[in-house]
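Each remark here refers to the structure printed beneath this line.
In this document, chain identifiers A, B, C, D and E correspond to the written order of the chains, with residue numbering beginning at 1 in each.
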Amino acid sequence: MLDAGKTQENLLEVNNIEVIYNHVILVLKGVSLSVPKGGITALLGGNGAGKTTTLKAISNLLHSERGEVTKGSILYHGKTVQHRDPASLVKAGVIQVMEGRHCFEHLTVEENLLTGSYTRTASRAEIDLDLELVYSYFPRLKLRRKSQAGYTSGGEQQMIAIGRALMSKPETILLDEPSMGLAPQLVEEIFTIVKNLNEEEGTTFLLAEQNTNVALRFAHYGYILESGRIVMDGPAAELRENPDVKEFYLGMSDDGRKSFRDVRSYRRRKRWLS
Amino acid sequence: MLYREAGDFKTSYEDDSQTFPIRFDRLAFYAALVVAFGIVPFVINDYWANAVALPFLIYAIAAIGLNILVGFCGQVSLGTGGFMAVGAYATYKLMTAFPEVNIFFHVLIAGGITAFVGVLFGLPSLRIKGFYLAVATLAAQFFLVWLFNRVPWFYNYSASGQISAPERTVVGVPVTGPHTEAWATYLFCLVFLAGSALIARNLTRGATGRKWMAIRDMDIAAEIIGVNPLRAKLSAFAVSSFFIGIAGALFFSVYLGAVEVGEAFGINKSFLVLFMVIIGGLGRIFGSLAGAAFLVLLPVLLKNTLVGTLGWPTDLAAHLEIMIVGALIIVFLVAEPHGLAQLWRLTKEKLRLWPFPH
Amino acid sequence: DLVFPDLSYRTGPYAANGIPFSDGYQDYMTLLNERDGGIGGEPIKVIECETGYNTEKGVECYEATKGEGALLYQPLSTGITYQLIPKATADGIPVHSMGYGRTSAKNGEVFHNIFNYPANYWDGASHAITEILNENEGDISNLKIALVYHNSAYGKEPIRTLEELSKKHGYTLTLLPVDSPGQEQKSQWLQIRREKPDYVIMWGWGVMNQVAIQEAVNIRYPMDHFIGIWWSGSENDVLPAGEAADGYKALTFHNLGSDYPVYDDLKKYVVDAGKAAGAGDQLGTALYDRGMYAAMLATEAARTAQTMYDTKTLTPMQMRDGMENLEMTEAKMAALGLPNFGPEFKVSCANHGGDGLGAVAQWDAKAKTWSLITDYFPADDEVLNPLIIEDSTAFAQENNITPGCN
Amino acid sequence: MPDQLLYAMEVLLNGLMAGVLYALVALGFVLIYKASGIFNYAQGVMALFAAMTLVGIMEGQVPFAHLINAAFGTDLHVFGWQLSGLIGILLTAVVMVVMAWAVNHLIFRHLVNQEPIILFMATIGLAYFMEGLGDLMWGADIKKLDVGLPQGINGWIDTTTFDAFGYGFFIDNLDIWATVIAAILVIALMIFSQYSKQGRALRAVADDHQAALSVGISLNFIWVLVWSIAGFVALVAGIMWGTKSGVQFSLSLIALKALPVLMLGGFTSIPGAIVGGLIIGVGEKLFEFAIGPMVGGATENWFAYVLALVFLVFRPQGLFGERLIERV
Amino acid sequence: MDRSEGHITEDGRKIGAVMMEMRNITLKFGGVVAIKDISFDIRQGEIRAIIGPNGAGKSSMLNVISGFYHPQEGEVWYNGSRRAPMRPYQVARQGIARTFQNIALFEGMTVLDNVMTGRLNFMKTNLFQQAFWRGKAEREEVHNREFVEKIIDFLEIQAIRKTPVSRLPYGLKKRVELARALAAEPHLLLLDEPMAGMNVEEKEDMSRFILNANDEFGTTIALIEHDMGVVMDLSDRVVVMDYGKKIGDGTPDEVRNNQAVIDAYLGVAHD
């Protein structure tokens, strides 16, 4: 299972891309990664490392933020995707769950979920079935199905965003910080859903996460991104054992987890790059 | 590197909050001031004054005013024409009622009166937001124009309903009426523009400006942080209308000399000034100047090229002219939605990196 | 060269009216150049400048052209005229606001440089009442008259006169303002339908005219009791209403149609020679005629000035004097190929407005022509003169002008 | 019945009819706003442009004749055909679709995810451009538009009411037609936006361009679609108003009549456009009838706005508009 | 342990008397009952956590405290007296500052300006003085700027002072928001998920800032957080909400072992 990333063909390949915002702000400085078909690949890194930017570069949402890929190439199924519009990518099976919720405020929860099925040609009954499935993942949403999404709580919006992506039955999901703002037991649940989808439906995942701990538990392969560069990559299990990763990303030191109360007294700062 | 800011360290917070923190900019600014006050008055002629300089100066004042409301406080207003009319009619009434008072004060007081009217029409902004507010301000536009047209007291019961500015002088030099000299009207308006820009700059770099911008960016959060939305919005309406009133006053008394309200202060005026603000850059004082310059100069330039140089029929030229203006507005927005000021800023950022691409 | 700027508007809300006027103005001047080599041998140079009926652009045009030796301005917009009155006076360039502009400019003792012959708005108001008087054997004391007017300075011009005249003749006057642009006039016309005024006078411009005539048709208001000012009397205004507009009346201060010798020359020297200012399709329309008439008055004044000063080239001041001494006679007009085209009148220092003569034209929808149904008749100067004196003295006082002829 | 009451009723009826005409213009605004959050100031100019194109096509005018003649010294004017109204309308609709495509590809595609005011500004630029383009293509003269709609007093209503009340009501045939057409349009558009998948997508796009892209809604498709429909609505409005007052520049100003309607009905509501139109129409006509004479008349231009403004103070999102979501 | 008069914590911080007390708060939105008859208090100087599943009503509770939501029932007591219903900006002036779950920074402004907005309630010059600038307004500006610079140093965001916040990555935005709240020198600081979307290291940084603020400025803190490690380590007392109801209240240890809390929220007993 863990070596799934190695044996399968690469579904998505990012080759040495550079991204510039507003024509001046260079954010990604040559990022390469490959996502194997049917794998869960994690993209880790601190704030501002460029995870979101990488995902947006893949899903082509960068244009709407006045960013552009100036170098390198992105291949999906071996074909370049740089000049396709995001909608056609979704049709091709790549969907991104955006960071920071991004619900359709004025639509109800249910309508939000239904927009996820926009590109599908499935029958109404099929879609209703999927809707029920999403509701079974997130019973809270069922309770609030008729409320406007703009009035739901932060976590509920996060569930909507994820549920909406699931509704499109994609081949590949780019998940940006799915755990953000979710209650602990839900975080587990979400990752379990990811795992199940991956195993049962063969859905491929590229997920950007801050919660390194969970991410590395569920992913097959991980990349660590810092200041726009990949600084380390490897199978998740290996990464978890790497002492640096342990210290900086998992918050473990030799003598187990430290209390957050103790951080007052010391500061650590070590980076592979700076 | 063409454009540098390295080696420019600030040693105090006063220095740090100054208007042009970069030396190069500061020098350019002083140079512009010297040219505007010291050189232009000596070379300007009637054509340049009346066709270019005066409209530019006056629209720039109006644009600064509107920018405060739209760009800084985020309240879109389409009532600019109406508020300019208030300024114009206020000066007219003042000029004719108190001929002994200096026109300078008339213009200022007219600004004050406009500020008051602006606050009145700003009251609904507490409830109404976004485009609803924009459309609601049209109520001010149409109502004010109707009022000035309808109540003869405003135009001193003149037979035609037009108002004409009598001659008034500043230190003996006429600035309104038929016998003005180009340099005098130019300088008179320039002083007001300089003053407006300075005041606007001071207000927007301090606490008031921050309140406005907070309301603009997220009014609810601003209120939770402690900004009284009523006072912030109304003060923006007041300050904005003050400048717009001054612009209206100058527009009537110095520039045109005679106006009819519906014609001079119609809804097109509102749109024109809003154009300037957006093309120039929302929330940038410099943007207002750039926007005003752009929209005053562009048509004149186009007309002179198309008709004067290329010898096209005037009507073709006029049709093409508005097409080009429209297209350029779109091109600019597409190239840089945040206006000329932002374009300028990005250019500088690039220059700073030059010759490296980033 | 004799420089005549033409502040035209071929764009904007009033383009449809501005185009024929400007065509007529320019074509006539072109004709003189082509046929006669100008005026008295001196070629004419027309500088066209597009104002879009916008005062600011008007100012720009004025400033741009005045340096070229402009002899005379015909602003063709009341707003621009008001702007130019002080400016042109200071610059010593005459302005001819023919049938528009500031009415009291008729008093040349105050407005040295401004001319508004042959007739002005107040004359027009008086003409309308006189016409109604004539149609009713001189007794209109129990008639109801409604004024439908453009709610602007322009539209308000006749009110004062009509009020004064109602004191004199005893009719009741109803005022019905229409806001610019005037696309919606249901309220006004429903009111007319209810109150059934005996006559409706209209002071409209642009789209307001067509809509008003259409609405009048809709409520079946008798068209021959509907009288428009000369700016409400072009083909543009009546054609959209089609047949039903037949019988609509409009005032005018010059003749209409294309049945004049000069038109043969226009065709020959200008249109067919490809020198027409516009598309050449406006010849003979009311506003083309008016533009041509304005050009004719301008060139005749220039001729007068040339004789007065015995020179070919003119200065604006000489042009002004030419205008002040202009005399239009039937003989002159006939010689120009425009027999019976306008009233005879004579300008003087005290009277920059001519004799205020006007006539009534009526629309024949079948033939699509306007034709005069009256002779030129004068305005009621007894009522108007005091008003003009009052207004012009007020202006003189405001601007420290000592009235007088020098 | 006392006369005053009869008059008031007549005014009221005419107000309703006028309201329908305003609503026709407002509908175009609503559609585009609903689908993109763009406040399309160019709607009025689109109506003018559509009407001009219709007349031009029907009368076989050569587009850009003036420009071509000036540039090449030719003497083109007309093709020499005369088309019927129906064919003209169909061809014009095609032109409006082309326009929709161009608008999207040249402008709004590049402005995805920008603030509403920027988009608004772009539509004003567009309005300028189309105004110039229309004049350049078809000339600035007044054109008579006749697609065969009847105009003038409806005799049947006149005589019937006269027999009943002793005062014949004036109702314009054109207004009756406008009402019928507007009703059909509104119902069709409501069905479209309520019951189609695209309808939901429209609202999603208006809420969040980026998120809509991320779930695979093609902004290009939605926008071309909506601008096409809005172009068609503009054509209908242009026909109605053009028949009434001739096709000329001022036609573009009817946009100003539609704005208070929008405010009152709510920017996002199709039925709101109709209801708002009726309220504004009746309100301004009755005000002009009852109060107008006391304050000197010509109140219609501002009264509609003031009415809408006062109304908004109590209901900031208009009658049927979507409530502003205010949360932190 | 009776704590009505305050006490000293193990690590030597002084917890004082009750500062803010919510009494029987009920908040409804149409049919949705977001908060059902909840009471709890916050003491001077303590760090009080509020936890609960998504949609439990935690953020709504903070909104009630900030005066943005007005509860249908219940009373808010602040500093010993009952608080009349008031507008949010009036609440802010009483010394209550906060951060938001969905970051509510002023996107069009620089970091510095954002933080300076926290000082607005200390800026007393009027419009005319500010228009004139030289003199009073400038002195006031500089004075407040000095304070803000201290906060900026404290939160280690010197380098991005002049950057427009819209360009910042999520985590830094959260920090700027904290800076803005701290700049107001609040008596009570409300933090809504300050550590969401951060990695461990950044959480540690954030914890340090929170603890230091609590320590150095003596700020009372109410904290919503989903990271149990952080909550358990930092807070003095924890309120647990579950779909509008309060299901637990007490020290971290008490809460951690409360079966109702485990069932509703934690899922598994947390270490």
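Following the convention adopted for this analysis, a residue touches a chain if its C-beta (ideal position, glycine included) is under 8 Å from a C-beta of that chain, and two chains touch if they have at least 3 such contacts.
Quick caveat: nothing in here was measured; it's all calculated off a predicted structure.
S.K.: If you apply the touch rule, which chains end up adjacent to both chain B and chain D?
M.R.: Chains that touch both chain B and chain D, as defined above, are A, C, E.
S.K.: Of the chain pairs A-B and B-E, which one is connected by the greater count of C-beta contacts?
M.R.: B-E
S.K.: Could you pull out the chain whose C-alpha mean position is farthest off from that of chain D?
M.R.: Centre of mass proxy via C-alpha means gives E as farthest from chain D.
S.K.: Measuring between Cα centroids, which chain is at the maximum distance from chain B?
M.R.: Using the mean of the C-alpha atoms as each chain's centre, the farthest one from chain B is A.
S.K.: When the centre of a chain is set as the mean of its C-alpha atoms, what distance in Å lies between chain C and chain D?
M.R.: Measuring from centre to centre gives 36 Å for this pair.
S.K.: Quick one: chain D and chain E, Cα centre-to-centre, how many Å?
M.R.: It comes to 50 Å between the two C-alpha centres.
S.K.: Take the average of all CA coordinates in chain C, do the same for chain E, and state the distance between these two points in whole angstrom.
M.R.: Spacing between the chain centres: roughly 75 Å.
S.K.: Approximately how many whole Å separate the CA-defined centres of chain A and chain D?
M.R.: Chain centres of chain A and chain D, defined by C-alpha means, are spaced 45 Å apart.
S.K.: Could you check chain C for residues that touch two or more other chains and list them?
M.R.: Those would be 10-11, 15, 19, 151, 179.
S.K.: Which residues of chain B are in contact with two or more other chains?
M.R.: Residues 146, 220-221, 224, 315, 319, 322.
S.K.: Provide the list of chain A residues touching at least two other chains, using ranges where the numbers run on.
M.R.: Correct list: 25, 151.
S.K.: Could you list each pair of chains that touch, in label order?
M.R.: Listed by label, chains in contact pair as A-B, A-D, A-E, B-C, B-D, B-E, C-D, D-E.
S.K.: Name, in rising order, each residue of chain A that touches chain B in their complex.
M.R.: Touch residues, chain A against chain B: 20, 22-26.
S.K.: Any idea which chain E residues touch chain A in the complex?
M.R.: So the residues of chain E in touch with chain A come to 11, 29, 32, 52-56, 59-60, 101-102, 167-172, 193, 196-205, 207-208, 211-212, 215, 226-230, 233-234, 265-268, 270.
S.K.: What does chain B use to touch chain A in their complex?
M.R.: Touching chain A: residues 346, 349-350, 353, 358 of chain B.
S.K.: Under the stated contact criterion, what part of chain B meets chain C in this complex?
M.R.: 46-47, 50-51, 55, 96, 146, 149, 158-162, 164, 166-167, 177-179, 255-260, 262-264, 300, 303, 307, 314-315, 317-319, 322
S.K.: Would you tell me which residues of chain D are touching chain B in their complex?
M.R.: Contact set of chain D toward chain B: 39, 66-67, 70, 106-107, 110-111, 114-118, 120-122, 124-133, 135-136, 140, 256, 259-260, 262-263, 267, 295-296, 298-299, 301-302, 305-306, 308-309, 312-313, 316-318, 321, 324, 326-328.
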